[in-house]
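Letters A, B and C mark the chains in the order given here, with residues in each chain numbered from 1 onward.
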Amino acid sequence: MLTAFDFVDLMGTFAFALSGATAGVKEDFDFFGVFALTTVTAVGGGVIRDICISDLPPAGLTSIPCLLAIVAALVCVSFFQRVILSFEKATLFFDALGLGFFAAFGANKTWQYSHNVELSILLGCVSASGGGCLRDLLTGKPPGIFSQDIYASAAAAGAALELCGSAGLVPQSVSAWVAVATCTLIRLISLKYKIGLPSIKHNGL
Amino acid sequence: MLTAFDFVDLMGTFAFALSGATAGVKEDFDFFGVFALTTVTAVGGGVIRDICISDLPPAGLTSIPCLLAIVAALVCVSFFQRVILSFEKATLFFDALGLGFFAAFGANKTWQYSHNVELSILLGCVSASGGGCLRDLLTGKPPGIFSQDIYASAAAAGAALELCGSAGLVPQSVSAWVAVATCTLIRLISLKYKIGLPSIKHNGL
Amino acid sequence: MLTAFDFVDLMGTFAFALSGATAGVKEDFDFFGVFALTTVTAVGGGVIRDICISDLPPAGLTSIPCLLAIVAALVCVSFFQRVILSFEKATLFFDALGLGFFAAFGANKTWQYSHNVELSILLGCVSASGGGCLRDLLTGKPPGIFSQDIYASAAAAGAALELCGSAGLVPQSVSAWVAVATCTLIRLISLKYKIGLPSIKHNGL
């Protein structure tokens, strides 16, 4: 039976995979290149997290549902590009939901392995945004999240909230939903009103 | 005593190292830069595989034969550039042989550690082509294998065939040779007839 | 109580963090981007080392002093850019000291885990220069240490000297100081007299 947890996991992975597949097509990669970029974008963040907490082999590389989400994204960019375009808003929504979900899930998993707050927030963030960074690097760009919108910092907020539950300060069922909702909302508001983080002014440097 | 296995391993590593060393000289890196790029290209794929299956420290970073192959490649680009050029076809042959060998070896090793088909094919592929990807990234280019010739997909085919033996469907001595030969042949045919994988047409994206 | 060891560790990390923070501001990254680049530059080399020797989670991601050095670097680039510029020479000095310190410390730690000379020198080098390589990659450049000054090869010299102590050839208290001093001196001399490693001449390639 597909739980709400599984559903959000799957749709988030699919949204991430779709952003990788789309980037691959835009770069004119061949079919293998698009597959590789899709896979790295979809599971890259979780793989880095799992390597850092030594939960190996990384879950993302052995998961059949993940593979299906990747294949679905490849089918979409191969045959349904116009459909992708007309569902662009839905994709952004699921990407934001995936961001919140992976931030909370990644922070909680890291906490189980390490009981370290700093590490759990960092790796919650990496779980949610690492795949997108690798996608940008593999297409020859500095990570977009270093200069655009609010993305990874929304993930950091979600990870921090999730930890309140992991650490037993509030019931975990509450913290998980609050974490995912807060991160997703911050992200969606940032997108809708084009709010970004301030950058640091040059003053001599 | 040097077995056929050791010989193919060594010549494959040497061919990979040579492609890294050549790329480093073309980028006008200094001697350390050429050494670093050579090392990453020669052993990078295997290191990523070993990290993912937690066989640490990575074999490629502690292997004297690997180091000798790297040193030999450095000697070649330092003193025998014309020789490299006149043996370009031999190098491409050994690179193709290395591709097949590392795909089969990487898939088999991953299978021993994980008994997971998806992971074994992915990491067989990464063993064979990861070093080249890192070489391209470190010289500021998206991975060439994402858009040129047939390379990593030949490795995927080799890895899949090897697994038929690892999983006991056919005798392993048979599957290993079939895997290496098939991958090498696909690669050589792709090179000779300039056959690449199709890319995905833009249709709105 | 802060020992000499802790002090050098902290000042070295701070110098590395500052180079990451400065690069982030120059790239016009937003506040999160500058934070991420600062963190990767400060602890990236040690994280790669710890992953390769399977000492997980990586020490750099769970260390409060490291985090404080990163925060201090962020405060400096946010409010004291002119101060950074007027202390440029001090920063280069601490960067050179950090290079020596991390090379020696990384080589020694790797030796404790592996008792392998090749690995210990390689990872000593990576500890000291890996963060800077990742910084360059994340800002879209090939690693500067592949073509400028003497940097990673000074680290290799320091790592090799440190190992004489780790392996028991000389007292470890002697080898550590000699290693750090030699590496730091080579680096400072290279900077002062603009000495780089030779590059390999093109001769047909």
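In the analysis below, a residue touches a chain if its C-beta (ideal position, glycine included) is under 8 Å from a C-beta of that chain, and two chains touch if they have at least 3 such contacts.
Note that this is a predicted model, so its numbers are computed, not measured.
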item: Interface composition of copies chain A and chain C: same or different, split at half; value: different
item: Superposition rotation for chain B onto chain C, Cα-based, multiple of 5°; value: 120
item: Centroid spacing, where centroids are CA-atom means, of chain A and chain C in whole angstrom; value: 30
item: Per-residue multi-chain contacts in chain A, two or more chains; value: 51, 54, 137, 140
item: Residues of chain A that touch chain B when the two form their complex; value: 22, 24-34, 36-37, 39, 47, 51, 54, 56-58, 61-62, 64, 67, 77-78, 81-82, 84-85, 137-140
item: Chain B-facing residues of chain C, complex; value: 51-54, 110, 113-114, 116, 118-119, 122-123, 137, 140-143, 145-148, 150-153, 156, 196-200, 202-205
